[in-house]
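Structure below; questions to follow.
By written order: A, B, C, D, E and F. Residues from 1 in each chain.
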């Protein structure tokens, strides 16, 4: 009987703890969701103009309708997805154009090199 | 001389065992081959209609000529190879559409999701 | 004060060794470069006609202008790059057509197989 | 030829035992299931191969310096392999459906009852407490969790428990439907639930794994390794800045570790230890755990149906057992069987993801209650 | 419920300390920097995650049998992981710009002064000699070198030193420009340098890693592992006959080891040890090392400008600090800022590659002078 | 500067020995062969690099805590690496040609005579029995088998034996033809053999590795690890349900292990141990083993020609030496040389695959007869 008592105690304590933790988790998820919704109603000004040009911290889920003059929303959506996908692929390859630095990578350099070489050969004065 | 005796003993015993084993292996291969041929003459009814839809245990080497009405054998062969290759690629990616389950994969779900969402939006009654 | 003396000693010895080594390295690089230049002025006859057909030790940076009759240099350059890239990709896959041997690979064999089978079926006498 | 030499040459044959023959047949059966039925082949094929290689007479692959024993010591006895696999699972899992619908979390808890009910039954059958808890963890219906917990509590049972866990997980499409149909009415199964997709911001997706790790880690320190690695993989996935690591965890690393893990598990299936009445009992109790989990999940779903005023499809409760992501698919299939146009997969996926998290937590709680670690 | 059971259940909460909370916040900060600012995410994200997982109360991931401790013992305490990463870095590095312009090698040396100046300052602050040398090596501005050297000389400081090295390396675009502008005139920054590309034969490219390994290995045996693995990767790359190995070293192997290395480094950041005044001093000294390196590099560039009769742009000297390949990019950016059409990147890349080699040599020299190994 | 400091600084130079210089040159030669001639570059380049790094004065890469020594202990001294590579080889090997033509199996046996003849010669030259057996195993003409067997019987000879095995395997296209031409007439070389492709069902392909493992494992327990891992890889390949594992074994895992194995083998080539008369004898005996294998293979082919009434091309016998799949190619090349339209490659591939299996069996038999394991 000792074993059954132990088993019942395990069941009560175990399922109790599991339920308690998951209720807590549910409440936290609700909390985050509420913050999320509130954050959307009052969009914060984009304050991250860090050294990273444009890749960091941007909100992928909300491409802003830039230039709604002639483009249809569908087209804008399609372009946005293409750009996001491109950025993701580049990041996946750790291409330093998107990423600040990939230790040891020369990929970035080689692009600069090709651009720079043509500059050096055909010096075009910017100012 | 002891060493030479040992060497000769090794040679006789070693090559003897190797030959013996390989002869055994040859006989077994012959046996399997014979079973194979017999199995082909009396093709067993496809008895594996398990939860897996069609991928399991199928004989890749024998795509059956299905619908020989207008299609040339070459075309059928080409299509069969394409389908087999496709199935193999999908399996290689462990796509759960072909595989029963890939632990943790969402690939399958996302396809269902897209289908299901359109169902939910445009409810079409099957019965 | 002992520590500062130690620090200064470390700095002098450390930077001294580093500079010394790098000067040595610079001289060696200069030496190699000089050999390189000299080697270019008197190009050695291609002496490596080893079992490897064409892949080994070839100088990728100098595709020779083969057949400058009608092809423009740009076209030759483009073709050269394509061929080099192809060779590199094949080597990357360790395809034994380019490599002498990839232990256990059947890729090479399967190509021979397909060629050979057609020979065996349509025997064409070379001599 | 001297008699000793002959004995030396025939030692392979003379050392065959009926147990080793049976175990090689079982290994062959596992390979057969993996190849023909495609039952979790990624694990069952290596396990089957490991079982055969281990039970060959005088196999040098096990024991001091044997390759399979090395793999066991390197990754199973110290629980490294299941934890590494958890990183990969986390990297592959999308917790979006759960984040969209937080109340699904509760269903994940309901699907763990089977763990403890099985534990009680195992105690009644005479297993000691550590063994009973290890057998119960089959009810977590999650491979790495079962390996992790049983590896700590009862290493000598890792073999049968892992085989049971993965075999039954492959059989989930056969095990779940009868229970689901028995406990629900046709009307309940036909309940449609509206699905309104909510935007989940990247911030939420990144905060989720961190918060879960910290909260669970503080509440149940024994669960830290399991939940920590699962959530580490998910954090890497959602951060979108370390694709190289995410990809490596979910592919190269996971593949190699899965192969080694399977072989090492197979190496624990030595005939003399495996072929005992206890193993049969474990296989039976494991199956029971799957049934109990499904039943309690559905019953909890019915409870939520009552509370929601009849708007909740109780089938979704069954997805809380984990067996990610098969269980959600089975639930959708059952719902479609009643009404072709009923689409409850997204809700089921939420419950399923919750089941994954809950299984891991339950494993940690079990370890904590057993006072082990 | 007995009080003991309650204590057992609440042991997670009762074992929280202010140090562990602070460390989890620091871990969160590292993840934030990795995700939002993309500061070296491949290492800072795993380090941050490792710091959180380590400082969870009673974390089973550290200590005897803990996964993170296993990773530490397997790859950090024996210096295996940084050396493996060096193979990958070598496989990714093109030493062409250096081979085209051998005199750039000298600039690599100039960028290592910060190591020794920081060492002196650390001694003045009261660190012992081994610790001071370990702190100084932050000035090598090369992650694996810092981990390797500090792991040998002062293993208890590996955590803060690695965090400092990688954080500041990510901040190189902010740290370098002010120093460069302070020490150079507008005219100097506008100096254009002709760039004549020289053919580098494959023979030279293959001989380079072999010669460097042998020369450095004979001169400074302590540097053999670092330079040997870097050059092994480069040899494989340039040989063009072992792409399978080159690719595996630079990708699968590097990814897996980077993940494990980050987690293991994070596991050294246990609150009680990390939250000390010394750590703050290390972070300060590390930043100083970066400034000093840049300054001495630029000053040496000015010296070369004098010797070359005004034809050498002193900015290039700053690229000799290593921080490969960011530093070269920053140099080019500064040059472009003065004159949009000025292209000195190739020279800067040469100096940068030299800095990489010089950093490794300096690490070996430091170990040799400390008599350790 | 005190004399001690000077001695400390110059210790690298003062510790150079003529042996270390010679070994570095040999390492350079191996790299040269790998790069210029592309002789087995995947192994000879890492071995050469390992040899150089090991023989640098006072190299910290070898000895207690040295990276190369760690790799040796982790994977060579316990035979893990060659076995893992065998999984990859099995995953890449198509035993179809052998299954189509079972009698080719016998040719695989004939190609192993060289092992034992070389063993006798080694005994005559004064090597002890374990050493002689290890030298003989070069005649298996299969890298991992040589490493595995010699690693067990005579670990101090692993270096020269591995170098001999891989170098000569790369030279197979030069070594085999003279022997083949010497022992056959032009008429024999021109014999055409009909090739009727037989359907091999997937069932046969899956049963083959299992049956071979069990049969060989029972008959020669010492061969279980070698044959087991080879066949495990092949089972995964033919099962077609675990492509993830098959791909990982044949690529990522094989690449990383090959790199580490090469470096570890190179680290055994320490000058003082390597530069002995014995090494030269091993290199000579190894070459002899290749010639003897080819000769006995061709002679057995002639025997089969007699029995088949002149319908069997004896060149095919030479493919039984293993050296998979080069030997089959060389055989076809010789046949084509006589008659451009003669296509015996498929038969040769069968014999070649049989040679691979036979080599592994011979290795196990050798271990069994030596009573080691």
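In this section, a contact is a pair of C-beta atoms (placed from the backbone, for glycine too) under 8 Å apart; a residue touches a chain by one contact, two chains touch by 3 or more.
The structure presented is a predicted model; accordingly, all values stated were derived computationally and were not measured.
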{"item": "Chain whose average C-alpha position is farthest from chain F's own", "value": "A"}
{"item": "Reference chain E; chain at largest CA-centroid distance", "value": "B"}
{"item": "For chain A paired with chain C, centre-to-centre distance based on mean C-alpha positions, whole Å", "value": "40"}
{"item": "Chain A and chain D, separation of their C-alpha mean positions in angstrom", "value": "31"}
{"item": "CA centroid of chain B to CA centroid of chain D, Å", "value": "26"}
{"item": "Sequence positions of chain F contacting 2 or more other chains", "value": "9, 35, 38, 41-42, 219-220, 240-241, 244, 247, 252, 368"}
{"item": "Interface hub residues of chain A, defined as touching at least two other chains", "value": "13, 17, 94, 99"}
{"item": "Chain B to chain F touching residues, read off their complex", "value": "3-4, 6-8, 10-11, 13-15, 17-19, 21-26, 28-30, 32-33, 36, 39-40, 56-57, 59-62, 88, 91-92, 94, 99"}
{"item": "Chain D-facing residues of chain F, complex", "value": "78-80, 83, 87, 206, 210, 213-214, 217-222, 224-225, 228-229, 232, 235-236, 239-242, 244-245, 247-249, 252-253, 368, 371, 373"}
{"item": "Chain E-facing residues of chain F, complex", "value": "8-9, 11-13, 15-16, 24, 28, 31, 34-35, 38, 41-42, 45-46, 49, 52-53, 56-61, 65-67, 70, 251-252, 255-256, 258-259, 263"}
{"item": "Residue ranges of chain F in contact with chain B within the complex", "value": "98-99, 102-103, 105-106, 108-109, 112-113, 115-117, 119-120, 123-124, 129, 132-133, 198-204, 207-208, 211-212, 215-216, 219-220, 240-241, 243-244, 247, 354, 357-358, 361-362, 365-366, 368-369"}
